[in-house]
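Below are two complexes that have chain A in common, paired first with chain B and then with chain C.
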Partner chain A sequence: MDRNYLEIVKNSKPAQFGLLIFIFLILYFLIPQSENNYLWRLPSLLKGIPLAINNVIFNALYEWFPLKVWDPVFEMYEEKAAFREFTKAVSQGLLFLITVVRELLLGGDKIIDVFVNDAWLKENDWLSWPALPWTATTVGAFLLGYQLNGIRLGLLGGIGALYISIFGNYVPSIQTLSFVLITTPICFVLGLSFGIWGYLDKKVETALQPVLNVMQTMPQFAYLVPIIALFGLGDHAGSIATIIIATPPMIRNTILGLKRISPEVVEAGLMSGCTKPQLLFQVLIPAARRDILNGVNTVIMQCLAMVVIASFVGAKGLGLNLKIALNSLKIGKAAEAGLCIVIIAVILDRFTKAWADKQKNYFENLSFIQRYKFLIIFAFSIVIFSIVAFISNGYFDKINYLYVIPIEKGLTIAHFIDAGVDWVWETFFYSLNSFNKFLLTQVLGPMKQAYLGMPVIATFTLAMGAAFIVGNIRTALIVGGMLLFIALSEYWDRALITMYMGSFAVIMASLNGIILGSIFGRTERGGRILLSFCDFFETFPSFVYLIPVIFLFNITDTSVLIAAIVYATVPATRYTVWGLKSVPLSLHEAGTMSGVSAFQRWTNIEIPIAFPTVMLGVNQTVVFSLQMVILGALIGTEDLGQIIFGALSRTKDGAGVALTLGIFVSLIAICVDVIVRNWAEDRKKALGLA
Partner chain B sequence: MSPTISCNSVYKIFGPNANRLLSESNGSVDAKKFQEAGCIVGVNNASFDVNKGEMLVVMGLSGSGKSTLLRCISRLTDATAGKILIDGDDICLMNNKQLVELRREKMGMVFQNFALLPHKTVIENIAFPLQVKGISTDNSMYKALEMVELVGLKGRENYFPRELSGGQQQRVGIARSLAVEPDIWFLDEPFSALDPLIRKEMQDEFLRLQGVLNKTIMFVTHDFDEALRLADRIAIMKDGIIEQLDTPGNIVLNPATDYVKKFTEDVPREKVLRIESIMDAQDPNASDTLEVSKDDIIETVAEKILNSKEIIKVTDPKDKSIVGSINPSKVIKVLFGG
Partner chain C sequence: MKKFISLFYALVLFAGFTTVAKAADPIRIPVLNWSSQIVMANVMKQAFEELGYDVELVPAESATRYEAVRVGELHVAHETWQSTMAKPFYEAMDKGGLIDAGSHAAPTLEDMGVPQWVIDENLCPGLPSWEALKSPECQANFATPDSDGKGRWLEGPYEWHTDVMPNRLKGLGLDDQWMVKFAGSADALWAELAAAKKEGRGTVIFNWTPNFTDAEGFVFIEFPPFYQGCRIEDGGSVETTGCGSPIGWLKKAAHIKFPITHTSAYKFYTKMEFTSGNIGEMANYVDNGGMTHAEAATAYIANNRDQIDLFMN
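Up next, the complex of A and B:
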């Protein structure tokens, strides 16, 4: 009899999970809650880590490798730390580039100032680069879209630019755009180089993988304080933060694209007598063109998703306006700025995608004018609109509307939005409020308490046990090791709160995604429509999701969780649709001939086969949820994110705290990733799909 | 005259410790033992020569090591041990620069899945080996156009590979491999990804080209009929070992191992064997009116011989001298067995 039970547990995973949960519950209720009990909470042995990181940073900045630098003003040598000089140079270089692009588009005299005498510049008012008139920009956006993919894309670009201009968001939008224009090429070059290096050298790729994992799961906030410490505040700091966030996907896309090239194509290149550089530039990179350009698209999207966060370290533009509006609870203004970010994101997204898909035609026999007609029209429109704007300088007093419509003078619908929000708020106050209260007191509150009441030994048993069941002893040790790192710090309780919010969002979002995907993804058409919705929602920078919920549910866990759920539903839905699509037609036919009902088809054929793919979606959901939960700290939640955010104002050990906690969040995500991925692989093998 | 390609005890073993295991084995490699040690034997002690203008077909099923052998000789992979001489030079000892030089001057290769560069048009693909060599755009395009005509793709120069059918894509692959006018032509299952009808057409085209160009060829295939049809000599491989290397006729008549026999059993002899292999000594009673060449495939002359009902003279096509005779009964034996 005994042996029988053992056999069952040995062979059946559900039975193993059952046993695991049973042990977990025993531990949960048996371990007394006492600060002296190490089974309840581990001691904070790693308390010193944030300070240590901080010391390393400051040491590098102020003491490590001093250089003698000649100071021309005081005419003497000064000792300066090499690293500090390096970060200064990087900052100044970036700032200069951003300023150049901004001045070219918005006008000004800062760049001219570099080349001419100060006094002379002050005397001569005319010495100033003129702004690019918004009219010309609008025409340019239309023409570019038109050339990339026809009239519809042209209209999207033109109308988008027109809206931004006449609603008075031209200046901040161009500031944001200039930020993207400088950051994207840097990410492109860095990502491409590391990607190629990783492709060529297996060791480099192996070393890159964990670094990329941490970088991509680390909350964006965590980078801000160290960046302020190293590079100071300003547009360049925002740019550096964005580069750190946006380069990893570019590296991954490059490696993926290069790996997807058929080995025969590489061999064909070699047998054609290519040298190594020829192989790289004439065979590998062009053959991976599409994936690489998709990487560029991701980079641009990341740049826009970062604009608000970058504004915390001093980046100007739409992000800053949005942040200020949100801080002063001006929903209308915030929504308008948010809409502009979305518009720019959608336009750039469609433009880069069209560019990635556009094929070159080598053999068109076109004359110079035919080939460059759009460029010529654009050049003409710049000249004409500039002249018109310049002449009408005398006509307008103070503000020349033909260059730029300033934000106070632009059209606005902020009042309508505010009124609308007020109306919703007044009309549905009781229902919204009672829903909010119900959720907080009946669901979220108890759930939070349950998480906080979990003895540390029970948490470890559950996580390591699950890892062991789906993987092996090694998986369990990896997961245990990562959790131990957090448990030995003083932030375990905060981490538990993060886990509670994260798991709630992940469960809800996964359910939403799987249900939505299953309902609409069953037909070809439904799936396509759903995927295009996913595309659309994915272009929204994460921050935009927070705007509506804050005004419906105030600053509570509810708002953050709803934003996280909506945000994270997108990948869950997408992967469910992909998973259902991967079910082979022959299986469907076999099911039909066996006479399955729609529900039986779903439970017996579709879900089992789609499961590994759906799990990859759940994996994404975890990353998305955690990002949003941490972002929620911005509006006030009390998990790890709040301390990371709070670190912005801590000078002594801020950088260390932010980095450490960022890594904690990343470790939580990676733990879940390890378990889920192993599970998916396991199922894949069982289905013979691997 | 030394052979164009000469392989001497070539081994290719995949996996860690391949070198150590090989040196411990003293040249007799047992695939099973190596597999237990985590190594896979790709090529096991291959030794053979290919003479100038000869076509050697390497035939084997998937996993037999035929493609690996071809890649060792083109040095797309490095052989674990052994000597591979191309015109007397050991390519295993060449540095990267020499290798690039060798491929630019002497080698061309055609791939199973065409391996065309997706971002280049037909003409650009064909001109690619010329351009990496540093030949000017005008000259390389001119040469590439010549190649386009040679493989019968005129009018499609500016198509992208994705706009072509499989057969047309492989024509581009063939043209590209011939663009530098190589002496040695490697073909790795060039027709395996094509429909049976197109495959037949491409084989004919290939024979026509070889008739004009007379290259030294190594041709890899898993199709025994294709091997019989094209080869001067066939090497049959199994588990990395060359089981038999001989002319098609000898392989069909005298299969060296049971494995080879499995392939030859169902082959219609009359389609493979030449008169030479069944002829008798000269016979004074032979008919004066008819004669056949010793190189004729039996099937093509069977009707003629059987209709005559007499013993017929066999001649050498080179000098028209009489080298033997053929009795219709022998032909009947080949055709109907017994």
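Up next, the complex of A and C:
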């Protein structure tokens, strides 16, 4: 009899999970809550870590490897750390590059200023690079789209640029664009280099994985303080903050693309007598072009998603305007800036995708004019529109509308958006308010208490047990090790609150995503529309709805969670649509022949087959939810995010605290990732999909 | 691709050379996210340009800018509020590199208070005296879904004054009736102000003057008077910690090299003392006049030419 039970537990995963939960509950209720009980809370042995990290940063910046630097102001030699001089040079270089692109498009005299004497420039104030008129930019966007993929893409580019210009967002949009145009190539070069290195050397690839995981899951606010300490304030600092989050997907895509190349291609290269660099640059990279360009696409999207956060460390452009508008609760204005970010994102996304799909034609034999006809038309249009704009200077008395339309003179839909927000409030507030009361007192409050009442041993048993069941002893140890790092700090209780909010958001967002994806993803058209909504919400800055949710739900956890759920539903929906698409037609037919109902088809065929893909979406949902829960500190939370934000004003140890807590958040995400990924792999094998 | 990469490296190298060659620094002024601060930055920009300097406005964050001033990334931090920013200000001074360039003329008050309409609708009879908070009817009008039936004080972010407000409630013996919730940002405070008004619900929030909320009317609660050492963290006891906030300063911070590198700009900066009225005027051009920040600065200078000239000479 006994043996029988053992057999069941050994072979059935649900039984194993049941047993795990049973043990968990016993531990939960039996361990007494007392500060001296190590089974209840571990002592904070690693308390010193934030300060240690902080000391490393500051010693590197101000103490180690001192150089004697002549200070022209105090006319004496100053001791300056070599590292700080290095970071300073990096910042200045980056800033210069951004300024070059910005001035090429928007005009100015800073580049000229580099070459000539200051005083002379001041006397000759005619000497300034002219701005590109918005009319020329619009034509340029149209032509580029047309060349990449025909008239439809051309219209998308043209109309997008036209909208941005006549709504008066031309200057901040170009500022943001110049930021993207410099950051993307840097991520590209870094990503490609590390990707190639990782491809060539297995050890490097293994070493890169955890670093990339942390970089991608760390809340961005956690490294803003160290960035300010290292690189200062300005567009360059925003750019560096973006590089940290945007480079990992480029590295991953490069490795993936290179690995996918069939050995025949490599052999063909070798047979034609390629040297190693030739093989790399002329065979491997062109063969992996599509994956690499998909990486570029992801990099651009990340850059645009970071626009607002980059403005916290000094980046100019749409992000800054959005932040200023939000501070005086001009939601319509903030939403308009957000909309411009989405438009730029959509245009760049479609353009790079079209570029990735475009096959290079090696056999065409075109004349110079045929090859460069679009460039020539564009050059002409710049000249013509500049002349038109210049002549019309006499016609307009103050503002030249054919040059740049300033923001206060542009068209605006801000009133409609504000009216819309008011309408939502008037229509839904009272019903939502009672819902909010119920949610807070009956669901969220008890849930929070339940998380906080969890003895540390019970948490570890649950997490490591789950990891063991879906993986092996190694998985369990990895998960345990990461959690131990948090549990030994003084922030375990706050981490529990982050987990409570994160898990609520993940569950709700996943349910939403799976339901939405299942309802609309059945038809080709519905799926496409749904995916466009996903694109919108992924690039539309969440800051815009982070503050107005307060109108509806007050400064409570509900507000934070609603914002997190809206944002985190995106990946769950997207992967559900993809997963359902991947269900083979033959299975549908087999189902129909066995006479299943629509609902049975969904529960018994589609969901199980799509499950591994959907789980990948859930994985992403975890990262998205945690990001927003941490951002929720702007509304008001009591979790790790509150300290991360608070660290912004802690000059003494802010950098160390923010980084440490950021790593905690990323460890939580990685733990879930390890468990979910193993589970998905397991299911894949069971379904014969692996 | 190779060409592209080498072009990229060439540009980086070029950038390195050119920036090293250039010594004359523009004056870097931080731009935060509220109107009066941005307009004041623009007023300074226009004045410094008149004095012949190059000026650059840099978007920044209110707390982190002191570290930036300390290391010379920024030259000034021109609106430093005592109760919310004194800590990072003095921490940066402790580490060396930041100097105090005097205060504005405007006296500041930063404390808990209620919007004018809460008084008009008599949601808590007896306000602005703090004794009014003792009545249970008053408390009920300020309760929220998560406040457990207590009235709620909405404090700014925790790091602004840590436990001062929870301690104050204890000191006044109000802690069974009222609780403190920390908002995450100033934006959240203004959103709460707007939300409470829409709903007609009472709200007690942390606020300051001069601020844009002055226009719609905001009344500070009158607590027992402040004196040096009344708060627990300054050596006071639970009995005395119920005291209100002091009348505070609005300081100007500068980088230590600023007086030498940009002498006449520094002189202007130390003499620059705006009053509450001045600051209100600056904010008003933008918040109610619909001007851009730069236009508001031009209008302000035109309207107060004598004052600016006084700072310049």
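The definition used in the following text is that the second predicted complex is superposed on the first by the 588 of 690 C-alpha atoms of A that agree within 3 Å, B and C clash if a C-alpha of one lies under 4 Å from a C-alpha of the other, contacts with A are read in each partner's own complex, and residues count from 1 in each chain.
By definition in this document, a residue touches a chain if its C-beta (ideal position, glycine included) is under 8 Å from a C-beta of that chain, and two chains touch if they have at least 3 such contacts.
Just so it is clear, the structure is predicted and the values come from calculations on it, not from any experiment.
Enquirer: Clash or fit: what happens to chain B and chain C when chain A is overlaid?
Expert: Chain B and chain C fit side by side in the superposed model.
Enquirer: Mind working out whether A:E408 is in touch with chain B, chain C, both or neither, as first, second, both or neither?
Expert: So A:E408 only meets chain C here.
Enquirer: Going by the contact rule set out at the top, does A:N436 touch chain B (first), chain C (second), both, or neither?
Expert: The answer is second: A:N436 touches chain C but not chain B.
Enquirer: Taking CA centres, what is the chain B/chain A/chain C angle in steps of 10 degrees?
Expert: 160
Enquirer: Between chain B and chain C, whom does A:A389 touch in the aligned arrangement: first, second, both, or neither?
Expert: In the superposition, A:A389 touches no partner, neither chain B nor chain C.
Enquirer: Is A:S272 contacted by the first partner chain B, the second partner chain C, both or neither?
Expert: Only chain B is touched by A:S272; chain C is not.
Enquirer: If we overlay the two complexes on their shared chain A, which of chain B and chain C does A:A633 touch? Say first, second, both or neither.
Expert: Touch partner of A:A633: chain C, not chain B.
Enquirer: Where does A:L326 make contact in the superposed view: on chain B (first), on chain C (second), on both, or on neither?
Expert: A:L326: touches chain C, not chain B.
Enquirer: Counting residues of chain A touched by each partner, does chain B or chain C come out ahead?
Expert: Per-residue touch count on chain A favours C.
Enquirer: Where does A:A287 make contact in the superposed view: on chain B (first), on chain C (second), on both, or on neither?
Expert: First partner only, chain B.
Enquirer: Between chain B and chain C, report the minimum C-alpha distance in the superposition, expressed in whole angstrom.
Expert: Minimum over all C-alpha pairs: 15 Å.
Enquirer: For chain C, which residues are in contact with chain A within the complex?
Expert: 1-2, 4-5, 8, 11-12, 15-16, 18-24, 30-31, 33-35, 38, 52, 54, 58-68, 70-71, 73-74, 85, 87-88, 91-92, 95, 144-146, 154, 157-159, 181-188, 190-192, 194-195, 198-199, 212, 257, 260-261, 287, 290-292
Enquirer: Please name which positions on chain A make contact with chain C in the complex.
Expert: Checking each residue of chain A against chain C gives 72-74, 89, 92-97, 100, 113-114, 118, 122, 185, 189, 224-225, 228-229, 232-234, 281, 285, 311-316, 320, 323-324, 326-329, 406-408, 425, 429, 433, 436-437, 440-441, 445, 547-548, 550-551, 554-557, 632-638, 642, 645-646, 648-652.
Enquirer: Report the residues of chain A in contact with chain B in the complex, numbered from low to high.
Expert: For this pair, the touching residues of chain A are 262, 264-265, 267-276, 278, 282-283, 286-287, 289, 359, 362-363.
Enquirer: Quick one: which bits of chain B touch chain A in the complex? Just the residue numbers, please.
Expert: Answer in residue numbers: 71, 74, 76, 96, 100-101, 103-104, 107-109, 111-121, 124, 128-129, 132-133, 158, 160, 173, 176-177, 180, 186.
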